[in-house]
Structures are given as structure tokens and as C-alpha cells.
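Before anything else, here is the set of structures, which you'll find just below.
Two complexes are shown next, each including subunit A; its partner changes from subunit B in the first to subunit C in the second.
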Partner chain A sequence: MRCFIERVVTNHDVTTDIKALIPDAGLRRRMSRVIKSAVSTAMETLGGVEGIASLDGIITATGWGCLADSERFLRNVIVDKEQLLNPTPFIQSTFNTVGGQIALLGHNHCYNVTYVNRSHSFEDALLDAMMRAEDGDSEHMLLGAFDEETPSQHRIMERMGAFRKVECGEGAMFAIVGAKRNERSIAEVTTLAFPTESLTRERVAELYATSEHARVIYNGYAEHGLFPTASALCFAEAVKLVADGTPEVVIYNEYFGATPTVIVVRCLA
Partner chain B sequence: MGIVVTGVGVVSALGVGVERNLASLREGASGISAHPTLLKTSHHLPVGELALSNEELHELLGISPREHLSRTALLGILAVREALKGIDMSNPARVGLVSSTSVGGMDLTEHFFEEFIENEGAGRLRDVRMHDCAASTDAIAHYCGIKGYTTTLSTACSSAANAVITGAKLLKHNIVDIVVVGGSDALSAFTLNGFKSLMILDENPCRPFDEMRAGLNLGEGAGYIVLQREEEATNYICRLGGYANRNDAHHQTASSAEGNGAYMAMADAIAMAGIEPSAVDYINAHGTGTPNNDASESAAFVRLFGESVPPFSSTKGYTGHTLAAAGGIEAVFSVLAIKHSYRYANHNFSEPIVAYNLKPVTQFEEGAEVKCVLSNSFGFGGNCSSILFTR
Partner chain C sequence: MEQLIQELKEHLIEELNLEEITPADIDAEAPLFGEGLGLDSIDALEIILILEKYYGVKLANSAEAKPVFYSVKTLAEYISANRK
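Showing the complex of A and B:
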């Protein structure tokens, strides 16, 4: 199984004015921070709302989902004693809100799914994209991952002792994934693996690298902070390295208490 | 390559297990009660609540209450254990799990949050440990001996149908040999208030596809089916003939009047199975009982089947709308419809929707052959998925 990457954009790469990316002012106003960040990253990846029409698969991943909206609604339920609640945060608390918003913005009826599997969410979404590519079900997909940090979540995870080694983080990443190589392809995903036990950096290189110049990004998630889809930012980094001439990048992530994942990104021969 | 269904497990307001659920459907006895008794809420609204507390569920499963599992996980373990009964999991099989949920561990988080918003140092951490969706999947895998690839997805009320689709692909790509697919969702104050705030809860027992329908009743439960490659299954209940996931792309919470997403999902699932729409013997509809869903789904039926809409019904008048679990519970009912040649009654129906004049099945039927069943699941975010089971 393999797939081709045409573009990757993280929330840090978004340079276009959000008003151009999400033209509907009312919609922008209702969107929470994470939805705004994820949808604008997606629109930057696609070159604007017009790009949505070309997609035949929208696959998103999030470990925590739309936390701020979930928290806001839950707080209102408790504080307002279940009376006269504003439905907007409830509607937007749904894990597939971002995927749904993208479909809605482009009136796109294609395959649309959201994986919510902790630190494997992004890899599971990538696996789905690769399966669809191989089956000929999708040619041109949008693959994305996002998570947000909130003060309450930060405090709770702090109490759990989660940040002893790695700071909390958040982010969004979107990529255009093609089933076939074309003139826009910049990298190829050749391997996606879910090892059942920890591997050392040396062992990762031994098992997965095919080029002697391969680079291993080992637990790179930690540089992006502790959030379940941090590995998606490592993926973006790997694609950029490959596009700039590194022949191969092996991404290994063993997130806080989870079994590892491996993604191999290779340059196009 | 053919995919077959080799096991089913279900828990709903009708009770624990396939036998209990089928007996209630046969008797026409709904699981909807006038108001919740276990769920802490001030709302006096009908719900499909399983009459077992979390403590009782732990006990029933032989899991120490000290494990303090979320209700979503407990319901899921019950259904998955039943689904896997009789399945040979040894024989170097890689057993996987594709689970889905929309509330995750919200039933416990709600307790935590009441104290936490007063004082950020308060609230027991064990009450938020299972907040995220994957926590229930992990617990299900752990307590059901599932050691292969596991994942979790969440596409609101279409979640479990999409779990079926992902599971089928994992089999096709030889990532698993046996895969348990479905969904679990517990009642929570979060979702009850959420749907209340959207003003789509009926204050009376829900009336899907009725002209006077006034909304849905929330329910809880879990439904899972076991999928295998046909050539490796020694015997099976039915085939997974087709499936499709499409998006309505109309509104974040409402369905289009033309039923675009529903129409495309049903048409694609039927096309994948290589059959004519006329071959469908029964549709287990999404049929939530909201004015919007049932009109939209009816429009899609008429577009696809013309004047010969197959016998259809919504079983949500018995179970309530169990959100992410709905597609799982209804997949179980659909598989059993083929196994026993059943068609379920649509509870509380009296007058057809004037614009479509479609009359659902109103009496439990058995005897007439049921060889091909379509199961619909639609959700927020425009997600529309249809699953087709064939004999």
C-alpha cells in the first residue's frame, strides 16, 4: 500500500487572511478556535473553498475533538441547571464537525469520516486513505488532523502528571493525498506500521529505512507538545524534508503510554 | 472477496442480548420509559435507558467496580462479548476492533466537572480518565481478548455504520482476520440537554415516519457484529453485500429536503452489491422521529425506489436513538432479519407523512423471505452511511 502527497500545511503555515479562507462571516463567528484553525488550515491546503470540489475523500483525525465547545456546553448544563441552553457549542462539540464543515463549505458529497483514536488517530486516518487509494475508491483526498489545548484540559492533565517530560501542545495539519503520482506529487508514503512494542532509534532505522541517507524522526511529537495528533506535525515535517531533497524520512512516535507508530515518507524517484 | 457476518451482540433499552431484544421486538414492547431513572437530570423526557446501573453492569461482567469503567465501555463490553461467543479467536487469527462512540466517557466526566468548575483541584481524576472516545475501545479490547488492530471513529449518529465500512476494508487489505465492528453510547446529561437545546426531542414516545411526529427520544446501548472473509469462515449468518458513506453537505445538523446524502448512500451501497433496488426486501431506516430526518429519508426512498418502496421501518420507537451505537444495534437487527426472515414493526405509527404517503411495517412480520436488508444511519455533519446485508 502506498499513496502520494501533493501538499502539506500546518496551522503555523497559514498565511492567507482567514476572511478569504472562510468567507462566510457568520460561520466564522460561530466557529470555535480549533474549528477555525483546522478549517483554515484545510482551506490553505486546498487553495481556498474552490479546492473542495475536487476532493473524493475527506478524512480527519482528532484525539480530543472540539474540547472547548464540549466544555462550554457541559459548563452551561451545570451552571444554568439544564435550562435555556444555546445549542451552538453542542453542535460544534461533535468530533466530525471539521470534516462536516469542509464538506458543507464546498457542497462536496464524497466519503467523509473522522478517526478519534488517541495518538493513533492520524495514523488510522492515513491507513484509511491508503486503503481507499489502493482500492481505487478515492483519487484525490484531504487528510487532516487537529487538537486543541484548553485551560481545563491543561489543568486536568497536569494533575494527572502528564507534562512531566513534555509540555502540552496543540496544532492542525492537512495534506492532499493522491492515489497516483502526478505532476503535483512531492512525496510518497511507502510504509505505515503499528509495532506492538517499543523500538530503539537504531532498530527503527534497521527495520524501516531503505536508504543509507534516511533520516529518522524519533519521538518527534515531543517537539510539538503533548497532544494526540502531534505525529501529524512530524508527518508534515517529513514531507517537507523529502520535498527539499532528503531521500527518505522514517517517523517513529511512541506517544505517552501508547504503542508506537511508524510512517515512512520517501522522495519521488 | 466476500465479507460475511459471523457474530452479533446487542444491548439496548430492550435489555441485554440478542434473545431479549428480539423477544421485545416480537412482542411489540418498547424500551422507552416516561423519564430516566438512572441518569441524573431534571428533564422529565422519555428515554430508552437500560435498567442497570454502572455497578450492576460491572457485576454482570465480572469486572471489579474498582475498575470504574465508563458506561459506554460497559455497554460495549457486554455486546462485544456476545458477538464473539462461538468465534474461534485462536488459530493464529488477528482479531481487530473498530469501535465508535459519540459521548465516550461523558457519563463520568459529568460527575467530575460538577466539582471541577467549583474548584480546579477537586473532582476525582478517575472520573475523567475515560473521557476520550478511544478509552472505551481500549477497555472493550482488553476485556474481550482482542489483541489485533483497533481503532475508534466518530461521525455522530452514523458512527457505527462507518465502523462496519472500515472493518470491511481492514479485512480486504489483510490487516485483520476477524474484526468486531459497531458502536456504543451511554445516555448522558450532555447529549440529553444537547438535543433538548436543538428542540428535537419529543416529549412523548417518538413516532418515526408519522405525520404527527415531533422529535426523537434519546436511547443508549451498544451493537456489534463480527466480520470475516468468506473463504475463512466455517459458517456465517449473512453477507455484507455493500456499503457507502456519502455526505449530505446541506447543513451541520439538518438533512436536505431532497435527501441527497441518504439517496447517494443507499444507491451506492446497492450498486456495490451489484443488485437492483427492487431486490431490497426490507429497510431498517434511520427514522429518528424528527420532522426533518423522516421527511428527508422518505424523499430519498421515493427518489431511489419510485413507487415500489420496499417494506421499511424504524426500530427507534423501541430503543430510542442511541446515537453512535444506532448503526451497530440496527446492523444487528438487520442481520437477524435475514437470519430469521423478520421485518420489525415501526412503533407508534398511525398516519403516513402526507407529502410521501409511505406506510412503514406496523406489525412484526415473519415467514416471508428476507434476503436483502438495507440499514441506514445518518448524522450531524451531513454524514450519511448505508450498509447492505444479503443472504
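Showing the complex of A and C:
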């Protein structure tokens, strides 16, 4: 099972004005920070709203979802004593808001699924994309991940001791994934594994690297911050490294002792 | 009435997140839905909340919603007549 990557963009790479990326002011004004960040990253990846029409799969991943809207809705429930509840934060608080907004912007009714499986969310979304590519269900997909940090979530997780070793983080990443190699392909994903035990960096290289020049990104939380879909930013880093000449990058992700995951990104043969 | 209209415009801008619009940009007699500000059904729910939350005004029946929600001016007139 494998798939080909045509483009990757993270929220840090977005340079286009948000009004050009999300031209529908009606949709834009209801978007919270994470939705704006994720949807504009997706639009930058696709080269604008026009790019949505060519997609036959939109697969997103998030561990925490649209936290700020969820918090706003819950706060309203308490403050307004379950009366006079504002509908917008409720509507926008669902995990699949980003996938839905992308589809709405392009009026595209293709396969659209969001994976919410803690630190495996991105890997499960990638697995879905690879399976659809393998089965011939989708040829040209948008794969993405996003998570946001909020002051209340930060406070709670800090009290749990989550940020003793690394800082909290947030981010968004989107990639165009093809079932077949074409002139736009820049890398391929050859392996996605869910090892049953923790592995050291050396063991990861021994088991999964096939090139002596392979790089290993081992728990990239120090660089990208601690959040459930941080491995998606490691994935973007890996694709960029491969596009720049590194033959192979192995990404190892183990979050708070959850079952680890391994993704291997390789240069095109 | 002028003060109420100004206040309503400010609530609409804040609660509906109307980007880059100032109270002066809103014509009090222009339609709120479709043309004019181009609001939609979710905004209508938000406006119902503005009426209840800030003025204690509830719409007695849904049939009167259309003329009341026509413009900022009609909203202000309804509030003035029904405010407790």
C-alpha cells in the first residue's frame, strides 16, 4: 500500500491574504481561529477555492477539535443558565467543521471524513487515504490535520504535568495525496505501521529505514510542540526533506505512552 | 429612537462578527436579509437572542418575524413598542 504526495503546506507557510483564500465573507466571519487557520492552509495547498472541484476525497484529522468554540458554547450554557444559547459556536464546535467548510466553499460532495483518534488521528486519516488509493476509490485527495491550543486547555493540561518536558503546541497541515505518481508528485509514503511496543530511535532506524542516508524524526514534539496531530507537521517536514534530496525519512510518533506509529516517506524512484 | 438604532447596529456588528463594517455603513432602512447586509437564517437566530438578551423582547409569534426583521429600523420600532 502506498500513495504519492503532490504538495504539503503548514499553517506557517500560508502567505496569501485570508480574504483571497476564503472569499465567502458569510462563511469566514463565523470561523474561529483554528477553523480559519486550517481552512486557509487547505486553500493555500489547493491554490485557492477552484482547487476543491478536482478532489475526490477530503480526509481531515484532529485530536482536540474546535476547542475554542466548544469552550464558548459550554461557557454560554453555564453563564446563561442553559437559556439564550448562541447557535454559531455550537454548530462550529464539531470536529468535522473544517472538512465541511472546505466542501461548502467548493460545493464538492465527495467522500469527506474526519478522524478523531487522539494521537493517532493523523495516522488514521493517512491510512484511510492509502486504502482508498489502493482500492481505486479516490485518485486525488486532500489530507489534513489541525489542532488548537486555548488558555483553558493549556491550564488544565499544565496542571496534569503534560508540559514538563515540552511546550504545548498547535498547528495545521494539509497535503494533496494522489493514488498514482504524476508530474506533480514530490514524494511517496511507502509504510504506515502501528508497532505494538515502544521503540528507541536506533530500533526505528533498524526496522524501518532502507537507506543508509535515511533521517529519523523521533517524536517531533520538541520542535512542533505537544498536541495530538503534531505528527502531521513532522510529516510535512519529512516530505520537504525528501523533496530537497533526502532519500528517506522515517517518522516515529509516541504521544503520552499511546501505541506508537511509524510513517516512512521516500523520494520517488 | 436614533440612540436605539445606533445601539442595535453595534450589537449586530459584534454578535454577528460583521467584518470591517461600522455602524455608519449600515443603512437603518435597508433590508437585513438577502440584499443589504446579506444575513442568513443562522443570523436570524442570533438576532432573536439579541432581542431577548439586551432588551428582554420575545417575538410573540413567528408570523410577525418577517416584517420585524426587515431592517434595523423595524427592529428598533418593535423593541420600542415591546420593551419591558
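By definition in this document, the second predicted complex is superposed on the first by the 269 of 269 C-alpha atoms of A that agree within 3 Å, B and C clash if a C-alpha of one lies under 4 Å from a C-alpha of the other, contacts with A are read in each partner's own complex, and residues count from 1 in each chain.
Rule of thumb we're sticking to: contacts are C-beta pairs under 8 Å (C-beta built on N, C-alpha and C of every residue); 3 or more make two chains touch, one makes a residue touch a chain.
Remember, predicted model here, so these are calculated numbers, not experimental data.
A.B. asks: Looking at A:E50, would you say it contacts subunit B, subunit C, both, or neither? Reply first, second, both or neither.
C.D. replies: The answer is neither, since A:E50 touches no partner chain.
A.B. asks: After lining up the shared chain so the two structures overlap, which partner does A:N86 touch, if you call subunit B first and subunit C second: first, second, both or neither?
C.D. replies: Both subunit B and subunit C are touched by A:N86.
A.B. asks: For A:M160, is the partner it touches subunit B (first), subunit C (second), both, or none of the two (neither)?
C.D. replies: In the superposition, A:M160 contacts subunit B only.
A.B. asks: Thinking of the overlay built on chain A, is A:N108 touched by subunit B (first), by subunit C (second), by both, or by neither?
C.D. replies: first
A.B. asks: If we overlay the two complexes on their shared chain A, which of subunit B and subunit C does A:L74 touch? Say first, second, both or neither.
C.D. replies: The first partner, subunit B, only.
A.B. asks: Touching A:D24, do we find subunit B (first), subunit C (second), both, or neither?
C.D. replies: In the superposition, A:D24 touches no partner, neither subunit B nor subunit C.
A.B. asks: In the overlay, work out which of subunit B or subunit C sits against more residues of subunit A.
C.D. replies: Result: the larger residue contact count on subunit A belongs to B.
A.B. asks: Based on the superposed arrangement, let me know which partner A:E202 touches: subunit B (first), subunit C (second), both, or neither?
C.D. replies: It touches nothing on subunit B or subunit C.
A.B. asks: Could you list which residues of subunit A make contact with subunit B in one structure and with subunit C in the other?
C.D. replies: On subunit A, the residues that contact subunit B in one structure and subunit C in the other are 85-87, 91.
A.B. asks: For subunit B, which residues are in contact with subunit A within the complex?
C.D. replies: 41-43, 102, 109-110, 113-114, 116-117, 120-121, 125, 128-129, 132-134, 137, 149-156, 162, 165-166, 169-170, 172-173, 175, 189-190, 193-194, 196-198, 245-253, 260-261, 264, 379-383
A.B. asks: What residues on subunit A touch subunit B, complex-wise?
C.D. replies: For this pair, the touching residues of subunit A are 1, 58, 63-65, 70-71, 73-75, 77-79, 81-82, 85-87, 90-97, 99-101, 103-104, 106-118, 120-121, 124, 127-128, 131-132, 134-135, 152, 155-156, 159-160, 194, 228.
A.B. asks: Spell out the part of subunit A that touches subunit C in their complex, as residue ranges.
C.D. replies: Within the complex, subunit A contacts subunit C at residues 25-26, 28-30, 80, 84-88, 91.
A.B. asks: Where on subunit C does subunit A make contact in their complex?
C.D. replies: Spelled out, the residues of subunit C in touch with subunit A are 15-19, 38, 40, 42, 45-46, 49, 52-53.
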